[in-house]
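Structures are listed in the sections that come next.
In what comes next, subunit A is part of two complexes: it sits with subunit B in the first one and with subunit C in the second one.
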Partner chain A sequence: METNYEFFVDQSRCIGCQACVQACGECGTHRGTPMIHLEFVDRSASVQTAPVVCMHCEDPTCAKVCPADAIKQDDNGVVMSAAKPRCVACSNCVMACPFGVPKMKVEFELMMKCDMCYDRTSVGKKPMCATVCPSGALYYGPREYIEKHRTEQPINEFDFGGQKVKTKVNLMTAPEVKSFPFDVADFLPWEAQERDPLSLARAGVPDAADNAIWNEDVIAHPESEGTPV
Partner chain B sequence: MNKNAVTAGLASASLIASSILLGSRGLRHFDPALTTYALGSILAAFAVGYRFHLWYQRPPSRTYFVRAFQILVGRLPATYESSDRLTDAQSNQSLKQEVETKSPSRSSGVTGVATLGRAVSSKVVAQGFIRRRSLYRWIMHLCLSGGSTLAFAITFPLVFGWVHFTTSPDDAELYRAHLFGFQVDQFSVHGLKAAIIFNLLNVSAVIVMVGLIMAAFRRATDAGEKAVQTFAEDILPLILILAVTATGLMLTVSYKFLSGHGHGFMAFVHMLSVLALLIYIPFGKLFHMFQRLVALCVSLYQKQGGTGAQARCRCCNRPFASRMHVDDLKTVLEQLGFNYQFRTQKGSVHYQEICPRCRRKMFAVNQGRLLGR
Partner chain C sequence: MASLIYSEEEYIAQYGPTPNDTPVNGWDSREPDKLVKTHCCFCGVQCGIQLKVKDDKVIGFEPWEEFPVNQGKLCPKGVKRYLQNEHPDRLVDPLIRTENGYREANWDEALNQTADAVRRIQSKYGKDAFAFLGGASMTNEKAYLNGKFARVALGTANIDYNGRLCMVSAGAANKMAFGVDRAANPWSDIPNAKVIILTGTNLAECFPILTDYVWRARDNGAKIIVIDPRITPIARTADLFLPVRPGRDSALAHGLLHQLIKNDWIDERFIEDHTNGFEATRELVEKYTPSLTEKITGVPAATIAKAAEFWGLAETSMLLHARGIEHHTKGVENVLSYINLVLATGRIGKPGSGYGTITGQGNGQGGREHGQRCNQLPGGRDINDQGHRNEIAEFWGLPESELPGEGLTACEIINDIEDGKIKGLISISFNPLVSIPDSKRTRKALEKLEFFAAIDFFMSETARYADIVLAGSLQEEDEGTVTTGEGRCVRLRNSVPPAGNARRDWEIICDLADRLGKGDHFDFSNSEQIFDELTKASQGGPIDYGGMSYGKIEANMGVFWPCPTTDHPGTPRLFEGGKFFHSDGRARFHAFDYRPPAEDVDHDYPIFFTSGRVVSQYLSGTQTRRIGGLVDQYPEPLCEIHPLLAARLGVFDGEVIRVVTRRGSMSLPAQIVKSIRPDTIFIPYHWPGKKAANQLTNRALDPISKIPEFKVCACRIEKLEGKTNPKMN
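Entry: the complex of A and B
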């Protein structure tokens, strides 16, 4: 069933409530096993969390590197989870996905990944995660709604070094950004650079979390780094 | 049309045709009534060879076959024969990810063969991975694959003229079994052995039928499967197997209980359904019986990778995959036309050198930075 609904992800709105993880496990196509990733970016120093769903690439790298033709794409561009009879559990897809999405269930010898709740979206319903997300980090609906109610701009093009990746799922970013410039240089501990590469994670969630920091110094001098919340 | 694939198909078809000629001793023991089945088998052999080659020559598939061969014959590049035994001190001193060769790997051709043997028994015969996924599916699949394998093991030798039966010149109630033209057994047509041999194909059909009923029930009731299944990929193979099985059983019913009524028509339908199934195998879901060969290669590959050099993430410095796997994927991606190479002012990084978890984290931090959060 076709709708004009699209998936929009804004990881910066995530509050780490795990509702998406619980809901994902209810999906009929992978019942009992959540496929969404909820990452703590730098747990010792930051509360920043990041939900990662499959972005459903137009030319999916995971499917191309599969040696057993196990990953198929439907007519609407949804990249399916590995076909059970074909998957040989080689982990090529896990390693090659630019967004780090596929999960290898070692005991099942089967790759499983977000299929945008195919049992639901194929009949016009919303994916489980987007249904329960309280902060709008995961939104599934008409593009007009997003454009009207958000200051961020949805994009679906990503630059991974020399590789441009176009996706079905949109990422919310700054209005001036047309193609998401994925940067790795700042995050790698190059020679003679000792800092933790992920220390660029923000210390607190904006808005609500920032206001929750009960530190007079930080409130008085917001440009200084606050105590991790 | 791919010339190499056509050559592979012709080679495969020639192999079957030659085996028919040789096995039936120059067609002396070939049953002309089974000619259509034999021609269908040769055609299917061509299609399987053609399709197999198309699949095999894709970079990711070929990589596993080549590596498995190298492991089996002990010709793996020395870089991957080593163990990653970086000490903590070494790890702290440097975050470099190239792992030096430390010691010879335990893996050799002999252990490779042992690994392959274990993989065949656990993945092909016992199919333990399906049991772990679902007991119901395991029983269903064992019935389908076991019953079909038994049926093929009986029918192909008969169709190819490798096996044939004659009656004893002295006693018409004595059957003689011949393999490749040589007598291998003799038994009474009234004995238990005869009852088993004559009904083995019916037994296989009943086993397959149990699997089919279980598969049909699952396809009709499992909400997840119903959402993702397609007619060509999931339903058609069941219909084809059902057609072969049901018409095969009906042949027995016809001559046992209906005095041969409708036998000719049923034999014709059975032949058509068998031909349709044989032609479907290379181009549909059932081709996984050949594609799963790569699972055996993956077993060898992962066993070797586990004992060999490990790659460390350029971001978190944790080992996350075998060095061989990371290097091979870089090659495969390049062959497929992907370019995940980052060229920065500080140096060059291939995205494969960053573990999936760090990719997800970087994704979030990058997004936050662009939004000023």
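Entry: the complex of A and C
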């Protein structure tokens, strides 16, 4: 097995053909049910589509919130679908995953999600979706290929409102981007430990007028005449 | 005689289309006995694929990563193609029509009746009153055999094929410009181009694998220019998008050439040394200033100038097109006008520089090379050329006088059936009721036939009109070769035997020939023997397979023609050193002035109508409308309409509207999208009956190629008050 192979997703290359969706269902253990998601972002506005595979987090939120300990990681960091004997179909993982990957299959009372084609990758093959993808939107191979041939850069660190998530799967994005925040809050220089929205306005405000407005005494005791510090 | 015997519902209940979702033995126990390295049965890319075979049944697929063209990549059609095998709709016996419906027959009976009908009609009305229609999804072997069968066994001039609806405009133009009909470059040249023009090709949906080639070029710094009335998936991230008004392509090409000449971005030396006819072309495009070109084409003058600058200043370039510029009454002129851009800059026959039409059908290239066309003999020979006629007549062991002359093209054959001049028909792998424009007239024609035999593996909408249905073979049930859109002849492997009592197509044809008294000309016991005869027949012709063999093709993962001798490696790139195939070795410019489409918009029909494909369906859908996953992906036709036009008409997303042309009308849901010109609507054409886009299209033909004008006609939209599609709301 090529242990240095990695998964790279470049949504800008996706042509929406659904070869990945059709092929995912063909993967040995999926029995016709695709685990990859592919949607038009807004077909009325654009032909842009977005494929989503499990990002295989280093410290997977889905597993952390699972009350039945049904979601396991293998030695290579692949996060599995819920184990059938354990899964209680509570959907905690569905709601907790920052990427929206796990889906509750009500008919099986089981959470199912992309397992990076465990049955294929564990015997040295590429995942089905990345093998067939005709546009290079899904690529599985050595990082050197990506570095040599692509102008976009792979990242695998994401910020979700203070939660830093490091993933096994890489997302291609603009050069110079090192990690990808999804929330405006993650672009801001928080100084307080707690994410107090008002602390943003307070910290380092230079002029007296703003100071007057945001003086803690004023906020705490609005009826009193706070004086600038 | 050939009217329908069942209701639509009864046909569907008996013969489908039934969407097949599940592999033959279910999802478990899919460990195959063997993996067969072969190719996809759909488009002209012919991706390599491995079919999983167990107990003589195809149970799945496995990517074939070693095949160099697609390296394991596939589109959704390729992924699911295995589900056509062991399909519940599969025809497994010959069928003979009776007053009470079809009955299963034995082969002797079905073939004898067919041969009797041929003799009866030909003795009464003449040889040419019996026609043969073939298909370009079939192997080279079958294309060759069809041509030989029609000329030698039927003795009819009237043989043509469904490639007439596909790439004949490109074929004719290529012969006129270069002296030969083949893409000039292997696809491996695409990533080395510094500018790529994609004109009239919905490349990402119709040839998805080539997307990766285009984007590797972009990774290398290429500029991508897409010319199309719609922002297709390949256009979404293009460097330049030229939203051409339907039916104006040659004018746009002239406008681009005008800019190249004006800015001296042409290769005078190449033009002087390797081409003829430039002066007349230069004079013609003089008037196509950016502002005039904008007026005709609807593309902003500044965008035209920018595209010319990208093309003009590039070191290497590829120009690729498909049906978008070919499906016109000036399809040949459109193609020639774009070829002018390639010749003027001298960028052809070099690494990373060249030109190609991307063939749409599985054997779109090979299917048009070996004599299945009404004006052609094997080896790409011309049926009107005395020398060529003598060569083939001698090869086939006939007096030259017995070799029929040029016959009618596919649409003209249907016209002549409608007019009562052609009385009998054998068709194979062709579904004209869905695929030919003006389907009302096609239906009328089929009803007029005195005798019709259809060879097919599913009961296509056209085969429903047949007196005798001969159960033929799927692609995976036979050996053979096909020649891909880049001119690479590849090997198809027999994976499983034909289902039930169905037979291989070539066996059916040979047995029919035998019953028509010509068995000695069709004494083949396998496909390889047919291929070997084909290669000899092609030897010395413009399209020379003389040095090819199954072994050589397999060992090299395909061989590019020309390959005249056994020690010849094949020819991936044509025209190296500026050597073209005309007798003087020079290419030709052509100066055809722009002219409007056969039917332009007017007061009564103010909107352009255009048609095309979706990624999950293939041609008339005979195969892909029977595969569940593909049906789910895009179940029925939608009418793409821009929000500005929708607002003007008061149409909401999902509302069922009626689209009306001078030929007919159809009702379907509107899909409101910003990805289409506001003066144009689009409907994909893969469905039959009331869902057929070809109820609307115009059967006007290109005077040279005889291709119909699928890509532009005039329509209007009518509201159906109170009707909405519940699926869309």
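Rule of thumb we're sticking to: the second predicted complex is superposed on the first by the 180 of 229 C-alpha atoms of A that agree within 3 Å, B and C clash if a C-alpha of one lies under 4 Å from a C-alpha of the other, contacts with A are read in each partner's own complex, and residues count from 1 in each chain.
The rule we apply is simple: a residue touches a chain if its C-beta (ideal position, glycine included) is under 8 Å from a C-beta of that chain, and two chains touch if they have at least 3 such contacts.
What you see is a predicted model; the values in this text were computed from it and never measured.
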item: Simultaneous placement of subunit C and subunit B on subunit A, clash or fit; value: fit
item: Partner chain in contact with A:133 - subunit B first, subunit C second, else both or neither; value: second
item: Which of subunit B and subunit C A:26 touches, first, second, both or neither; value: second
item: Of subunit B and subunit C, the chain that contacts the larger number of subunit A residues; value: B
item: Touched partner set for A:48, first subunit B, second subunit C, both or neither; value: both
item: Partner chain in contact with A:11 - subunit B first, subunit C second, else both or neither; value: first
item: Subunit B versus subunit C as contact partner of A:95, first or second or both or neither; value: first
item: Nearest Cα pair across subunit B and subunit C, whole Å; value: 7
item: Shared contact residues on subunit A - subunit B and subunit C; value: 12, 28, 31, 48-49
item: Subunit A - residues contacting subunit B, complex; value: 10-12, 27-31, 37, 39, 41-42, 48-50, 52, 61, 64-69, 80, 83-86, 88-92, 94-101, 107-110, 115, 118-119, 122, 152, 160-163, 171-174, 177, 180-185, 187-190, 197-198, 200-202, 206
item: Subunit C residues touching subunit A - in the complex, by the definition given at the top; value: 21-22, 27-28, 30, 60-61, 63, 65, 70, 72-76, 78-80, 204-205, 208-209, 211-212, 215-216, 219, 231-234, 236-237, 615-616, 629-630, 633, 643, 653, 671-675
item: Residue ranges of subunit A touching subunit C (in the complex, touch as defined); value: 12-13, 15-19, 21-23, 25-26, 28, 31-32, 43-49, 126, 128, 131-136, 149-151
item: Residues of subunit B that touch subunit A when the two form their complex; value: 55, 58, 60-61, 63-64, 95, 123, 129, 132-133, 223-224, 226-228, 233, 285, 288, 291-292, 294-295, 298, 301-302, 314-317, 321, 325-326, 329, 332-333, 336, 338-347, 349, 351-352, 354-373
